[in-house]
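Across the two complexes that follow, chain A remains constant while its partner is chain B and subsequently chain C.
Then we have the complex of A and B:
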């Protein structure tokens, strides 16, 4: 009796997962192989011909090879933001976890506020313009770092607390200055958290559509998400190209996952840090 | 070479004073043990010497320098932690050499020092392992190796054997003692275990509540404790105490009596005690002997026959209970009446303030 229920339950879960995750992906792939007319039907019909390669070429060549520029921009933004996020969030998390001062309450409040309060776009644009950062890649990087810092800090602070203070003290006695303690002892031990942070943040930043839309206007500044708009307009949409585009921009996050996947699992099963 | 001086050292956390004016002088090459119950401030004192805690008042002198404001790395100290505090992501080789790497020591010098420390501690075969692949005793050795390699003037040990099992503790205790002889180094050792203190120390510092209770050699503390606290802390099993009044003073003997004991003679020079003085009598369990006409009479409670000695729990008339460790195997029955005596020279008297009535 128990076995049948659990098999049924398992089957239902698999079916639900299939519908939610796999079917849309199959749809995307099917659409990428079709030509423009067939894709306009927007159904699950099998592609009449193999148009995949021409779709890809078309997508990449659109608007003066905008796709290439977009990939470069997105990559720069993602890599630099994530690097800055990891370093700064780890530093803040480390100090918050180790040092008990009366400012801790205020700082934690600010972090929570950063996490919960939605950013106001127009004042931010006004601020960026004042700093001459509006519409620049480094401005965009600073925005991404600022928006994602609270989450990263909370993640790091929780994990720094699991590193025994003894290790800091042993390092200090060995002659480590504060930055040595941080970079040579604490940060290496935070590797599992760093990996998780890298994966989560890089996928989030790479996939970010709205922030580049607001703060990074212009063709030269396009990020990959914005290229989707190349193929959508009020009156005509080339669905095959649109979905090919979607497929192309799914690849980098997929690579990140595949590369770091084993590290995340290893980090979670490695056990507590023991001196 | 370097000795240490602690001059009126104080430590407060806000309004709470935890170290209340400690004065101590440590010679070069001495093995000093700070001992005391939990919360007495011994670890705090050690950390103040190391530089991990700020000094609120007083002076700390290492060698001939006042080091209150000096960073730990410049004080010439090295510390072995209770939890070993090995860097989990580095091999034993890198753990031991971490300090040297930070000091930018040339690679060949660094390598030679690491291997020398490994040789002294017999851990050459462990150099490529990570701490998670070592046993507790091996980790402890790596921690000691990391300290040795710094060639410090003072070694600081913070309860290093607490995390080891009993058998290993005995072995490591002997290794530390041997190390002390080989290196001829000043060592300050913190423990709550008075057996470790008695066996390892040249000098024991007994602390309670942030105040030094007594400083002296192990046997000195055992035979001539300065107050009730030291008397009760040093020696296992614990010293027996009873409230008494001084009866008769004649020459160099004082007779004391109380609710549980009548006419126990205690050897004391004349003039130290007057008849009628309220005192506490302290007798160590090992100093009690069976005597038919003994002054200490009670009922046998629990008997533990260990073969070479017998531990007897004696219930005294007032309800108090004394422990006696008697030589040899004594076939005593529970409930039996037992009379014990004590050598007048071994019995100790403490005045109303808990201070020892000095024998000399």
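Then we have the complex of A and C:
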């Protein structure tokens, strides 16, 4: 009896979530397969012919291969800023968890402030212009690092606290210098939380729309999310291309989701609950 | 300025002790420099520039004029109110729906893996992509949502074209995209509740409803306060989804402070835009600090 209700309930839940969460994705895929005329109807119908490859080629070629530039830019920004984030945040999280000084209170306040305070946009642009970093990938990378440091530090600090001090103390007694202790002993031990950091931060930075919009103007600097936005007005009637574009930029997060689902969930909940 | 404080140039008496520590303060330096130059410095600069008429090259001090304008112009006040409504609606719905989904997903239900993936996946998808997709689905006459409603004889509303509805439609899509995160936070909270409590409740003959109301709900309060705080701050700061779906329109009906900041920036009113930033900062501080204190105080009573 009880089992039966749970199967019924399960079926109802599956049906409901299918309608709410899956149908929009099927809609995106169907639209990406249609030709321009049929996609203009914007209805939920089977494509009359399969034009997916043509659509992909057209989207990629548009505006002088902007999509390729954008994918390269987004990849550079994501890879470099996540690398810097991992190293710098791990260093802070490590010392913060190991050593109690009178600065700890201030540092923790600054971390919380970084999570809450909205970045001051125009003064940042003004500052980036002064540093000759406005509209450059370098500037964008440093901005992503600055804005995402607090979250990474929180993840690392919580994890370092669970590693026994004996391990680094043993290395210190053997005469290792602080840098050696950190890079050879501690950082390898932090691997699980490093994976979490890499996965969560790369999805966030790859999907970032607002910061490139402000700090990285210009077609040569387009990032993946901005191509979508640029295409929106240009293809206001070419819905097949617009949705092909959406589908293309959904592939990287989908791959991450398939391979690292567990780490993402672990990271987001751990960071959230401890923060 | 804070770079030096964080990097720590300790006074003479401490130097020897610090030298010997295997946890050197300079480990903070790279993070501290990037964070203070690119985040703290602009934040402090914004306090000054919000009091000016500013062209990036030249600023003229005008006192509190920008803030006065924020409280005078009807469309700016509208943005202020919309921001609070948006944050309250999204975080409220994420708490309710997230908790229900989490209770469902931690029970013995068929297809748990499928359900969990499907609910969580939108969290990872591009916000702008989601916004554009739902803008198409929510089209008043040609959108799939209203065409489906029409099949049942219901005349669907103009989701994004009705000024009274646009903000709530965007908020709904925000919940669609973000509820997966609330759900996994709640799942982590629910799993941590010791089974003994349910055992005791079962012996006392509690109904499933009593189980939920008197055991689950009070014991997952830490998760609730996390979900509320996170989604409330997120809601107050939302820009990308609103920009992708309604651009603050129709008119100024769905403008929030974040979209006002962008519009003023585009129009070249840099001082006013920066004042918007300060207003948003004050709003977050005024609402979130008491909110977290309230949520934590409640927790203390447990």
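Descriptive notes on the structure:
The rule is short, and it goes like this: the second predicted complex is superposed on the first by the 241 of 275 C-alpha atoms of A that agree within 3 Å, B and C clash if a C-alpha of one lies under 4 Å from a C-alpha of the other, contacts with A are read in each partner's own complex, and residues count from 1 in each chain.
Going forward, a residue touches a chain if its C-beta (ideal position, glycine included) is under 8 Å from a C-beta of that chain, and two chains touch if they have at least 3 such contacts.
These figures come from a predicted structure and were not determined experimentally.
Following the overlay on chain A, a side-by-side fit with no clash is recorded for the pair chain B and chain C. Of the two partner chains, chain C is the only one touched by A:101; chain B is not.
In the superposed model, A:114 makes contact with chain C only, not with chain B. Taking the C-alpha centre of chain A as the apex, the lines running to the C-alpha centres of chain B and chain C meet at 90 degrees, rounded to a multiple of 10. Contacts of A:170 after superposition: chain B is touched, whereas chain C is not reached.
One of chain B and chain C touches more residues of chain A, and that partner is C.
Of the two partner chains, chain B is the only one that A:188 touches; chain C does not reach it.
Of the two partner chains placed by superposition, only chain C is touched by A:153; chain B is not.
Following the chain A superposition, chain B and chain C show a smallest Cα-Cα distance of 7 angstrom. Shared interface residues of chain A, touching chain B in one complex and chain C in the other, are 169, 172, 273, 275. Interface of chain C with chain A (complex): residues 2, 5-6, 8, 21-25, 27-28, 30-31, 34-35, 37-43, 45-46, 49, 54, 56, 104, 107-111, 114-115, 117-130, 132-134, 136-137, 139, 142-144, 147, 176, 181, 184-185, 187-189, 222-223, 226, 230, 233, 237, 239-240, 243-244, 258, 261-262, 265, 270, 273-274, 277-278, 280-281, 284-285, 288. Interface of chain A with chain C (complex): residues 6-7, 9-11, 13-14, 17-18, 20-22, 24, 27-28, 41-44, 84, 87-89, 91-92, 94-95, 98-99, 101, 103, 106-107, 110, 114-129, 142-143, 145-147, 149, 153, 168-169, 172, 178, 181-182, 203, 207, 209-210, 213-214, 224-225, 228-229, 232, 239, 242-243, 246, 249-250, 253-254, 256-257, 261, 264-265, 268-269, 272-273, 275. Against chain B, in their complex, chain A makes its touches with residues 164, 166-167, 169-176, 180, 184-185, 188-189, 191, 273-275.
Contact residues of chain B toward chain A in the complex are 50-52, 72-73, 77-79, 81-89, 98-99, 102-103, 131-132, 146, 150.
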